[in-house]
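Presented below are the structures under discussion, each in the form of structure tokens.
Look at the two complexes coming up: chain A is in both, with chain B in one and chain C in the other.
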Partner chain A sequence: MKALLTLLVLFLSGCAQTPAIRGTGDLGIVIERASGRVAIVDTTARSVLARVDGLGDLSHASAVFSRDGRYAYVFGRDGGLTKIDLLLGRIAKRVIQAGNSIGGAISQDGRLVVAQNYTPGGIKVFDAATLELLSEVPTGSKVVGLADLPGQRFAYALFDAGEIWLTDLSNPREPRTQKFPAGRQPYDGLVTPDGRHYMAGLFGEDGIALLDAWRPEAGARKILENYGRGEEKLPVFKMPHLRGWAVAGGRAYLPAIGRHEVLVVDTATWREVGRIAVKGQPVFVMARPDSRQIWVNFAFPNNGWVQVIDTPSNQIVQTLQPGKAILHMEFTPRGEEVWLSARDDNMVGIYDTATFTRKATLAADSPSGIFFTSRAHRTGF
Partner chain B sequence: MKALLTLLVLFLSGCAQTPAIRGTGDLGIVIERASGRVAIVDTTARSVLARVDGLGDLSHASAVFSRDGRYAYVFGRDGGLTKIDLLLGRIAKRVIQAGNSIGGAISQDGRLVVAQNYTPGGIKVFDAATLELLSEVPTGSKVVGLADLPGQRFAYALFDAGEIWLTDLSNPREPRTQKFPAGRQPYDGLVTPDGRHYMAGLFGEDGIALLDAWRPEAGARKILENYGRGEEKLPVFKMPHLRGWAVAGGRAYLPAIGRHEVLVVDTATWREVGRIAVKGQPVFVMARPDSRQIWVNFAFPNNGWVQVIDTPSNQIVQTLQPGKAILHMEFTPRGEEVWLSARDDNMVGIYDTATFTRKATLAADSPSGIFFTSRAHRTGF
Partner chain C sequence: MKLALPALTFLAVPLAAAAVEAGEPAPARQRELIHLVRQDCGSCHGMKLTGGLGSPLTAEALRDKPLEGLEATIHGGRPGTAMPPWKTILSESEIQWIVHKLMTGFPTE
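What follows is the complex of A and B.
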């Protein structure tokens, strides 16, 4: 009798501990880089739901999401690939897949997770469900700028070899790769929101390599020949993140390299049509989802500032000091709020993008990247 | 003792019946119009998870989703507004809010659900959590083309009064409305994907009314003066759905009215730049999320056909016969597949958009609208 009662209590508490049934459309993660941990967050309640430890070296970490929004795949600097269950608040699976990695991507159908590696170079293809290694593409070079494209394809750039590679993983165990000369030392890449154009920024020369993934046979061509460090070779405190490029109203907004400027480029001609003076060397230049505003953060020593550009006028309409060392920004899916990580203030600030008022502050241990599950439904993230 | 055992069994079965913990990013609903029912579907497994009865008259029904992806709000023709819990597979709340309704929208922050009504006209504003009525805006006219805009705003058109109204619900109990003359008998409206331009098609005259929601003070202006039924007043078997308008690569693709054509319009100048001959009178003209393809379905008697336009060439690249009475189409969030409802074949066909092969067929009772949770994160849906 007593045993049964105990059993009953156990089962009752078992039921009680079952995580709440809830949607995943308003979830996300914040990288706590110093402690190898991520915070699972809720963008409706503006709260931290759980923390997950044991992710290794999370400097320069990034994340993608499963198509159901339940799992985050976190790529750590130490080559760790960790699948986190956002609903159960725990690690579902973790593998060390390389010695030095800087990110990854997920296929259009959500079945393949691909990591890009510095050491030993190349990309590796994993089953998104099990993290089983399905195939790899050796490159003999550091890989940068990996981005998913429609049709189970992935584009990436080879820093040492100066090439853009386009790999088709329709058959994930038999990758088919096309290779295109791109220019000296591509250092990052991005794909336009429609998944059509892949661009790689060049560190070893001025200009950007552009590949039209709808006509890859035409090869990569060079655009924006004046984009780069230029003749003077200005000191660069932090390389801008191309992944932050904003495309709004037929214009691309790019971080200048070494200069206190945001460049405005016509996406029909890929020519520069203007420059906007800003507070420092821009790092992320990100469009609010409705593309009415562009938010910009900066490299040291100006990394306590954030500026907002109004796209119809290309004027700066707001300058904020949200905290010390603003490393990353993430908009809520429909853009009514933006989350900013302030690493040296150990907090995340949440701002209303219409009024620029702070709605909430969340404690976080040296926060860097912020990633929301709505990325699961977008291309090139 | 026996009572305790029974209790234990009850609790065990209670645990067992707890719905699976799962993500909501790959969920959706299919309207089964003849039976007042919706099917809850999973786009990863390509399966029906549950069916929910008791939704009343679902002819011309549409749906929006909560920002967490857990709830669907279904607007029925009979004025019923039903909140469905997709995870528990049941009705969470249902109200009869009007006598005759044709749809609704959800605010940028997900807190307000707004219904547009024919009888008695006007819009009604509900708390998304409780469906409590917060306010209403009487119009003295049938309301059509309701669409959400950034900043808790909603745009809609008045069929009888020939106006576009823009209502700000920043304070949901005190709506603030601006009114703009638009033209004779607007019959539907849409907002561009960036949430900037609201367009209302006119039934009583040729042309389309365009309001720039970034500069509403400039008022609505008329564009595409040759768009409409024209001098000949062609018979129109089914009014096209403007909500289906596709915008791809700086071009809008519109269903012609009464003609077997899709119109191509430059979105910078809003001038017509081409026409594409198709199988019938187009109803929905929808862009695949990467905008590489436009899918078109047709009014009776050609409603067994679907055609696919390749956007770089504006050529028809595929003609399909997916079933009898194709009423609606919905792309998976990243566009690798499309779901088509075949009302008179009582099934939904799921196609690979790259190969045009059928991947699966799901039985459904007179299916019409198909809506996936990824709409929660988009503007103007």
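What follows is the complex of A and C.
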């Protein structure tokens, strides 16, 4: 009897220490940028599970996930790369890898994490398990738009040099890089969901540079050339962001630069097939995972608005004012809800994407990026 | 004297008082400006103003630069670069106040 009691006590105290067994498919993180902290969230319960401090300067932070969905790799402005254990709610490893960083990506096999840096300009390759530095590719230019491609390759663009570089990391200690002229001042890039086409949006000229990663030797070509038709540009108070979510139902929906428009391109011909007038300079133009809707947020001073485009008709079907300074949007894995961060209202609003009603509100300190683990299995995220 | 006319017509209510007096912005407006610089200038220059797509705006980085040039950059932007013109958002006196604060170490929120 006494032995049994001891066993019972051991068992109970064991339970108190070990977190309950659970999956991570419905987890994610919200960057609380002003306080150098991330909130670990549960998209099923619509709740915050834990907060993790000590991540440094998180202005313009972004994150990728390990393919087991357990770890988030957060890239901070100050060059910090932090690996967070979502289940234990704590930092697993943290390194300062550069002076000024802008984001990163994870390889096809999940074994390499690559950071893209402004100063010193270049990419750095890390072992995803240990964050040991394996190699680097200096560029002498600010790196933007880093994206993972099939075959342990990474594509990225050079803001100052106007080039797209394609680096093969099949041997991660010996990167092999091809370089292609792209156009003036690429500001961000994306890879299509199939991993085939890399696009770099251009700031210094009208157009998008397009590289077919199945035939890189053909070089980058320009699409949407002269979409501004020589008209004077409106000021761009915040740079748009590009990612594979732009592609929906055989079309790519892309932010125009200096025009309050979303440009629509047919991905079979790469020709413009439409443009949609919107409320401001688009920042994120994101397809719901089923491609039926495109959600758009805007640069200052129109960053209190969010608009929704219906893809079959290319019409705006909803205009929302979800809060002050909407910085980011993230869909739940299959898109029935979208989470919106309202920086100046210190909250995240969770919306039903069919009815556009708010289902829940979570308090968050100056929230910016929202990243869910469903990104772990998408090329280009 | 170039007056901040676009600012007056564009965002008349909060800016009018400050622009007319051409002195220090009122305390409430100062708080708004600090927020704007840290957060919205911060999207290019970094929340800590240590630089990003835009150059660093720390007191150290700006030390040897002429005031008027910095003010003109904020007012009119820098064509050919990503620095946009803020003249529709900020009055002359607000720009002067921001540059003064940048040169002496920008306040935190």
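Methods note: the second predicted complex is superposed on the first by the 358 of 381 C-alpha atoms of A that agree within 3 Å, B and C clash if a C-alpha of one lies under 4 Å from a C-alpha of the other, contacts with A are read in each partner's own complex, and residues count from 1 in each chain.
Definition applied: contacts are C-beta pairs under 8 Å (C-beta built on N, C-alpha and C of every residue); 3 or more make two chains touch, one makes a residue touch a chain.
Please read all numbers here as calculations on a predicted model, not as lab measurements.
Asker: With both complexes superposed on chain A, which partner does A:325 reach: first (chain B), second (chain C), both or neither?
Answerer: Touch status of A:325: second partner only.
Asker: Which partner, chain B or chain C, is in contact with more residues of chain A?
Answerer: When the residues of chain A touched by each partner are counted, B comes out ahead.
Asker: When the two structures are overlaid on chain A, which partner does A:78 contact: first (chain B), second (chain C), both, or neither?
Answerer: second
Asker: Touching A:57, do we find chain B (first), chain C (second), both, or neither?
Answerer: Once the two structures are laid over each other on A, A:57 reaches chain C alone.
Asker: I'd like to know which partner A:187 touches here: chain B for first, chain C for second, both or neither.
Answerer: A:187 contacts chain C only, not chain B.
Asker: In the superposed arrangement, which partner chain does A:142 touch: chain B (first), chain C (second), both, or neither?
Answerer: After superposition on chain A, A:142 lies in contact with chain C alone.
Asker: Scan A:291 for contacts with chain B and chain C and give back first, second, both or neither.
Answerer: After superposing on A, A:291 lies in contact with chain B but is clear of chain C.
Asker: Under the contact definition given at the top, report the residues of chain A touching chain B in one complex and chain C in the other.
Answerer: Overlap of chain B and chain C footprints on chain A: empty.
Asker: Would you mind writing out the residues of chain B in touch with chain A in their complex?
Answerer: 1, 4-5, 7-8, 11-12, 14-15, 18-19, 21-26, 43-44, 65-71, 86-88, 108-110, 150-151, 194-196, 214, 248-250, 268, 289-292, 312, 333-336, 354, 373-374, 376-379
Asker: Please output the residues of chain C touching chain A within their complex, sorted ascending.
Answerer: Within the complex, chain C touches chain A at residues 35, 39-40, 42-44, 46-48, 50-53, 77, 80, 82, 84-86, 88-89, 109.
Asker: How about chain A: which of its residues touch chain C in the complex?
Answerer: Listed in rising order, the residues of chain A that touch chain C are 33-34, 57, 59-60, 77-78, 100, 102, 118-119, 142, 159, 185, 187, 203-204, 235-239, 300-301, 325, 343-344, 366.
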